[in-house]
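Heads up, the next two complexes both have chain A, just with different partners, chain B and then chain C.
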Partner chain A sequence: MSRHDVFERLRAWDEGGAIPNGHTLPWLRATAADRLVLAFVRMGGESSPWGIAIGRPDAPPEFFTCAEPRNADLHAAFVLAAADALLRHVEHPSLLPDDERLMLLAMEAPLRARVRLRQLWVPGPSHLDMLHFLDFRYTHANTGEPKVVRRLQAFGRACGWLFRESTRPGQVRVFDATARLRRAYTFPAEPARQSHLGYLLAWLVPGRTRDERLADAREREGLPVSVTMSPAYERAVLEPLVTRYNAARDDAPAQAAVAREIHDALVPELRRRWELTAQAMSILDADTRESNPHLDAVIDLGSAECFHEYWKNEAKGLDPSLSDEQRRYLVHDPETDYAPARAARRYFAHLHAAELAAGELVHGDATLAEQSLDAGNGFRGTIRAVEREAIAGKKSGPILWTIECSADDSLRLREETSVCLVGARKRIGRIRSLVTVGAVRTVVLQMTDGLTRRALPDVPEAADVAAHVGTTVTFLEQAAAGFTQMKIFRVGHTDGPGAWLTHAAPLPEPSPPVRIQANLLELVKSLQ
Partner chain B sequence: MRRDVRRRLEQYASNPRCEANVISAVHDVPMEAVARSLGFEVAVGQSPFALLRGQQFERSIFRDDAVRLRRALITQKVLPANAAGFVDFRMARNDGPYPNLDASRAAFLQRLGAFAKTVGEARLQLPTILAGPTLMVPGKAILPDGLFAIDVLTVHPQPRPAPIVLRVGEVKVYPDRGGFTDAAELSSTRAQAGLYVHALRVELQQSKLAQHFAVADDGFLVLTRPSFNLPSVRGAEDLQHQAERAAVMFDRVLRIAERTLPADSATDDVPTTRRQAVVDAPKQYADGCLAFCELAAHCQQEALARGLPAALGDDLGRFLGPITLHRALELLHGAAPQHDVERDLVARIS
Partner chain C sequence: MPQTHLAEGRNQVLTALLEHVERADALLVLKAPPGSGKTFVTTRAVALAMHRKRRVAVAAQTNAQADDFCRRMAAEFPRIPVHRWASAQRGALQLGDSVTWITRTADLPAGPCVVVATSAKWAVADLDAHDPFDVLFIDEAWQMCWADFMLLGTVAPRFVLVGDPGQIAPVVPIDVSRWQTSRRPPHVPAPEVILRDRTLPVRVIELPVSTRLPHDTCAMVQSFYDFAFESWSAPGERRVLLPPAATAHPVDDALALLTTGSVALMTLATPPGGPPMEEDVALAQAAAEVVRRLLDRQARVVTEEGETTLRPEDIGVSATHRVMNTRITDALGALAPKVRVDTPERWQGLERKVMVAVHPLSGVTQPTPFDLSTGRSA
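Entry: the complex of A and B
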């Protein structure tokens, strides 16, 4: 929580409602066809869903429930019924004709274009966790009819991938509606309270006073929106029904009737969660702010992740010539990465995603740029001199910009750091020197890229003294996303540092055993 | 009074800065009763399904001489591969042999005394898992004589003269998802286990058994495997700092417990005079109150009415310091600062 967040919360309290956070939204608005809204409820203490509401935002959702979620067979049947909608959403290759699947597998681009804007919306973090639990439960399902087992496993893997994707920084595929609202607005409430979707939505109702919104928010807070239902509701309504259901195990018609009652009791709970999510989505869609104009790279990375981390392996796994053992290596295990190098790759992939999102979006949103400056990741000042360094024996030396800034501003950059100009990000300079005298910090930049009109047609050339001297400029640290991306691939090399310890094959020969010598002097002599 | 004080200690630890909470926990005046007396609607209780699952899980890991738990403890190297032996100190309502906490504690101390006397091979073959041993709260801090049962202890005998090592374990029903396991849950579970480490050390001291036993600084957590009713053990959990924190907490509780409150009731009803003591005590609302206290909404409203910045978050409370929300808004709208603290705030927000 930064000073900026705390201050904005005070301002929101002053305004009496939620206030916009930033000048843009860091995601694109997708069409209803590209969106799926998903909500769960669970039985208290269980880690699998009891009910699922799923559907496109422009149509009523479908509700799936299970009368007794502790019964593994019933649970599998219920999940199977709900699986198709999610698998369709992720374009699972088993739902495609063979020729189309093979074409998409061979040509990456069409599949990436198809899933580019797909979005899954859930009410909050506990619903994302439920995706992880479904991964645990069904990715390794192994009992039942083979066709059913394969579908359950595919569903488990889809849930697992969506859960993992939700943890990738900057991703725009899996949307926790509560977190997205908090990203888009600052709410005048303590952070602990802001984990309730209904509570947040009450602060966004227009045309009300602060007290009216606060009263509404408190009332809405009483209705649970996480996957867990109210214990009172479970005790009063659901527990007696489940008891009756289990007692009627020898009477199929009676049991079916109670199952319907359980379904009817769960639907309102599911519906509320689903509708709140759709409502949050509508509010964000109706926001007057544009999407960040620098989102393309972030979305491209998301579609590449979808193809390489999920779809490609799913499609390969459908190859009938593969043995079960070969297929196993195509599956991401919910509990482990197996190989340290694979874990390291994912670590660097996440780091790359974070750097890419931060580095790109900051140029499309003035608020992000200000926050970055506040954090000391750049500087703002007035250009005092533009000159060419004289180097003996050379016709022309590098262009140097001398910029004066306030010494009171925080700055964590050091000499040799590369920085880029906000508003013309291709113009890059390297900090030559940083000198502070009194209240003035003088930064000398050696301009390295984006110097000419050819590189930046709308900006005066870097050497144009008259155009630059006296103007105020903002420089931010240049994102080094490409460097981290390189590590993603290099970490898997078998000849890199540390590979002998983790994944090089075959492992190096162990050192020959050394004879133990009691006399240390003799030992040292023998080593020489 | 509730003699099983585990919940009360958790309540105390949740916000030790709030005097009302401290009095409620130490003197056992349930907040639920206080909230009802003030006319608030109170939603209490746990999910009946969750309670059942918790009981089933605990029974399942201790069933058949704790075979499931032992297997998991051996896999995680908490116990050696040849570990054997199980002693059950749980109460009858939890499938154990003892009718109450007093009987459980007496049996536990007696067994520890017997362990201390063992020598040679017998010492190395002591039972390695103890379920539900009961401890007395040190120094009778929680009036009148608090007792609580810890979930599980493992015994690690060593040849004399080395002491027998006892290792504390805490059983929870929430799922272990590796790095995705709920951090808040883990933190609270470790705090609870650290409290038991401290309490066990003091109990051994008081029972004059300390020279024969050493309580390990590390412990283990027993969680569930997601979607299965099997234990997932996290070993080598460092509890040293949590135990030190518990020692400080007990010391404070001891001092608070010395304050007298109006007499107890012989029935389950909480006398008005005792409730009033909590109502009248100063309250300190914090973000964490939402998670455990029935008065949280009431306290937040009061804090907002008084303009206390913590009502909008602990971080805002730290940001504004002694300046009220009302005054902060005036300063935000251009009012002239009156003293250094206000001048500092204006400098920070301008």
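Entry: the complex of A and C
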């Protein structure tokens, strides 16, 4: 925890409830049509869902359950029933007419616009894990009618992509409601308690005292919100029903009746999880804070990821001329990025996403900027000198800014680090030197970008002495997002001379045998 | 007397490396403990490759390392021309008479040459218009993750990776659980990925002697390595001599330990209000006080080369957080420009006669999360 976090948590305790964290929210509000709320429950000890609640936030959810989740056929039928809503949400190409699908595949932009603000909300991290389990179970489904198998596989792949997307830094597509509440507010509670969605929501109820909220929160945390239900409830209510269901295997009407009872017993559990998620979403929507104004690049990256990492391959996979082997290469392995080049590409993509989110959002939220400053990722000070460095043989050398800061402030940056000016982020400088004498830290910056009015029309030129000397400025570390993005593309080059090692290309021809000179040490010495 | 009998082992490793270069084999990994002469052997291998009319590329992990490599080449092989390929935004440095500073891809030389650049520079360079290099030497290879290494496949068909397997792995600021089961995990140091793959035609050699670490320090760090190495210095050969102090000082007891061995531990009690969070001003002042006291008492250092007076430039300070290092620099006051203060990963490959390491442990031998959060010692 940083000092800021400690201070804010104590302040929240003092105020008796959750307090806003930051001046903005790092995501956009979407319409109900762009949102889907999803919640799971599972049988104790099983990795697949027992029930699914799914639906848009402006309508009651649909509930799907499976009387006996250990029966693979029953489970597949239950998942198949729930699959449509999720596949519609991700605009699965199999649900589109052929001409529209081909147009979207060719043009990219319309599909990206369509999915730009699509959001999937789940109650918490265990529900995200369930997406991964479904990916494992159904992406490689291979038994049953071909049409059913294809739909199950598509569902598995959609779950897999959403799970993977949920791990991409800064993403605004898959929302863990508990984590988003923690991001938006500071709660007066220890971290372990803040993992419970109901507990958090109790701290957000308006018009109550701290003691009332605390009592409510403690009561709510007694009800499970993860995919696992209360063992007592499973033992007392569900286990006898499942036993009866299995015992009635030769009596279809009786079995159907017990299945309905199991459904009725699971629905309240599903409903509570779904409604808590919808409630968290409503509270965040009603928050008076604006969304971060620098979200565009983050959202654009998300829609590009959707197209290139999911939709494009799904659409290509529908081409009837493809063989099973060709189609196999379009499917992502549920376990990992199997091919090394793909793993490296995704690694750089995640690094790029992290750099982009951090680098963009900090300029749209004063609190983030202050937190970054507090963490030592920048400095604030007064410009004492603006001058051009004299270089022999050159008309004009680089512009140097000398800035004096307090030596009491934290600083992680060191020489050679690039920093950008808060308020005019295209103005970039590189730290030439850092010298502390007494209580004053002097930073000399070599200004490298955004120097002229042409680059930054609204601020004085970097070389304007009169405009800058004496003013207070804040610089934060400049994220190198563009550089990492370049690596994403370059790591796919498989035709270099060393590709035999880096990209598993065929081994090169061995070098012809050479006669090794008797004393190489002496030879090298003679070269000195 | 230094353990001169160990020189034979080092020469054998150097010969093996030179033979590898001579045969133009595909892949070699050289494991080297701290101060074992990585740069010494690499410069010789580069010189031999150039002598054999090869196009040689050298990748360092930082600009400072690349500059240092060029300086070493210029000093030890002044007749071999070296090109330092750097960003246009960096001002040209004078690295030696035989070193040419270039910033444009078009300025890369044709024919036999030695070109030194950072891995990042090689990674994004478009070399299509140039003849491929024959061999790529990668310095401090354990500081480079596999994903970054993959980008160097466009540079050359043969690779020599040189590094210290005990060094800190590359810092990865994102969650990497997705790639834990990958065949070639992108976040893992490149040499480790190569050595895990039994199908690759890789030769591994190990430098057996550390000239940097004293005898007892070698023994202390040995457990972090999967191969044995020894110290060039004999037991007790390196020590600090302290003239008698006119007045007593709280750090004198700790400094006295340096007169008989190479490691002294000084602890600082956790204050009543609990440990500071990231910046510990009292600890920073204690570290600075150790430096100041060594200099005030005019300490002398004994090594295999003889006895010398300790200067501020001979002392380094290391703490794990940059903000803490800033505090230590502040506490050093006028000494700050001469006493280098940096994080452990930036100290890798550098050496000083005396190092003050600010450590977050409280001296426990089996640290738990509790110890890590509450203890502090210098």
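Keep this in mind: the second predicted complex is superposed on the first by the 496 of 528 C-alpha atoms of A that agree within 3 Å, B and C clash if a C-alpha of one lies under 4 Å from a C-alpha of the other, contacts with A are read in each partner's own complex, and residues count from 1 in each chain.
Everything that follows uses one rule, which is that a contact is a pair of C-beta atoms (placed from the backbone, for glycine too) under 8 Å apart; a residue touches a chain by one contact, two chains touch by 3 or more.
Keep in mind that what you see is a predicted model, and the values were worked out from it rather than measured.
*Asks:* Determine, under the contact definition given at the top, whether A:190 touches first (chain B), second (chain C), both, or neither.
*Replies:* The first partner, chain B, only.
*Asks:* Quick check on the superposed pair: does A:80 touch chain B, chain C, both, or neither? Answer first, second, both or neither.
*Replies:* neither
*Asks:* Would you check which partner chain A:338 touches, where first means chain B only, second means chain C only, and both and neither mean what they say?
*Replies:* Second partner only.
*Asks:* A:501 in the overlay: touching chain B, chain C, both, or neither? Say first, second, both or neither.
*Replies:* It touches chain C, and chain B stays clear.
*Asks:* Can you tell me whether chain B or chain C touches more residues on chain A?
*Replies:* Touched residues of chain A are more numerous for C.
*Asks:* Based on the superposed arrangement, let me know which partner A:102 touches: chain B (first), chain C (second), both, or neither?
*Replies:* It touches nothing on chain B or chain C.
*Asks:* Applying the document's definition of touch, where does A:366 land relative to chain B and chain C: first, second, both, or neither?
*Replies:* A:366 sits against neither chain B nor chain C.
*Asks:* In the superposed arrangement, does A:239 touch chain B (first), chain C (second), both or neither?
*Replies:* In the superposition, A:239 touches chain B alone.
*Asks:* For A:354, decide between first (touching chain B), second (touching chain C), both and neither.
*Replies:* second
*Asks:* Can you give me the overlap between the chain B contact set and the chain C contact set on chain A?
*Replies:* Dual-contact residues (chain A): 1, 3, 6, 167, 335-336.
*Asks:* Over in the complex, which chain B residues touch chain A? Could you list them?
*Replies:* My answer: residues 43, 45-54, 173, 175, 177-178, 180, 224-227, 287-288, 290-291, 297, 300, 311-316, 319-320, 325, 328-329, 332, 348-349.
*Asks:* Which residues, counting only chain C, touch chain A once they are in their complex?
*Replies:* 11, 14-15, 18-19, 22-27, 44, 47-48, 51, 63, 76-77, 79-80, 89, 120, 123-124, 132-133, 136, 146-159, 173-187, 194, 200-201, 277-279, 321-323, 326, 329-330, 336-337
*Asks:* Note which residues of chain A are touching chain B in the complex, please.
*Replies:* Its residues touching chain B are 1, 3, 5-7, 9-11, 13-14, 43-48, 129, 132-133, 136-137, 167, 188-193, 218, 222, 228-232, 234-235, 238-239, 242, 334-336.
*Asks:* What does chain A use to touch chain C in their complex?
*Replies:* Contact set of chain A toward chain C: 1-3, 6, 164, 167, 169, 335-338, 340-341, 343-344, 346-348, 350-351, 354, 376, 407, 410-414, 416, 430, 435-436, 448, 483, 486-487, 490-491, 493-503, 507-508, 510-511, 513-514, 516-517, 520-521, 523-524, 527-528.
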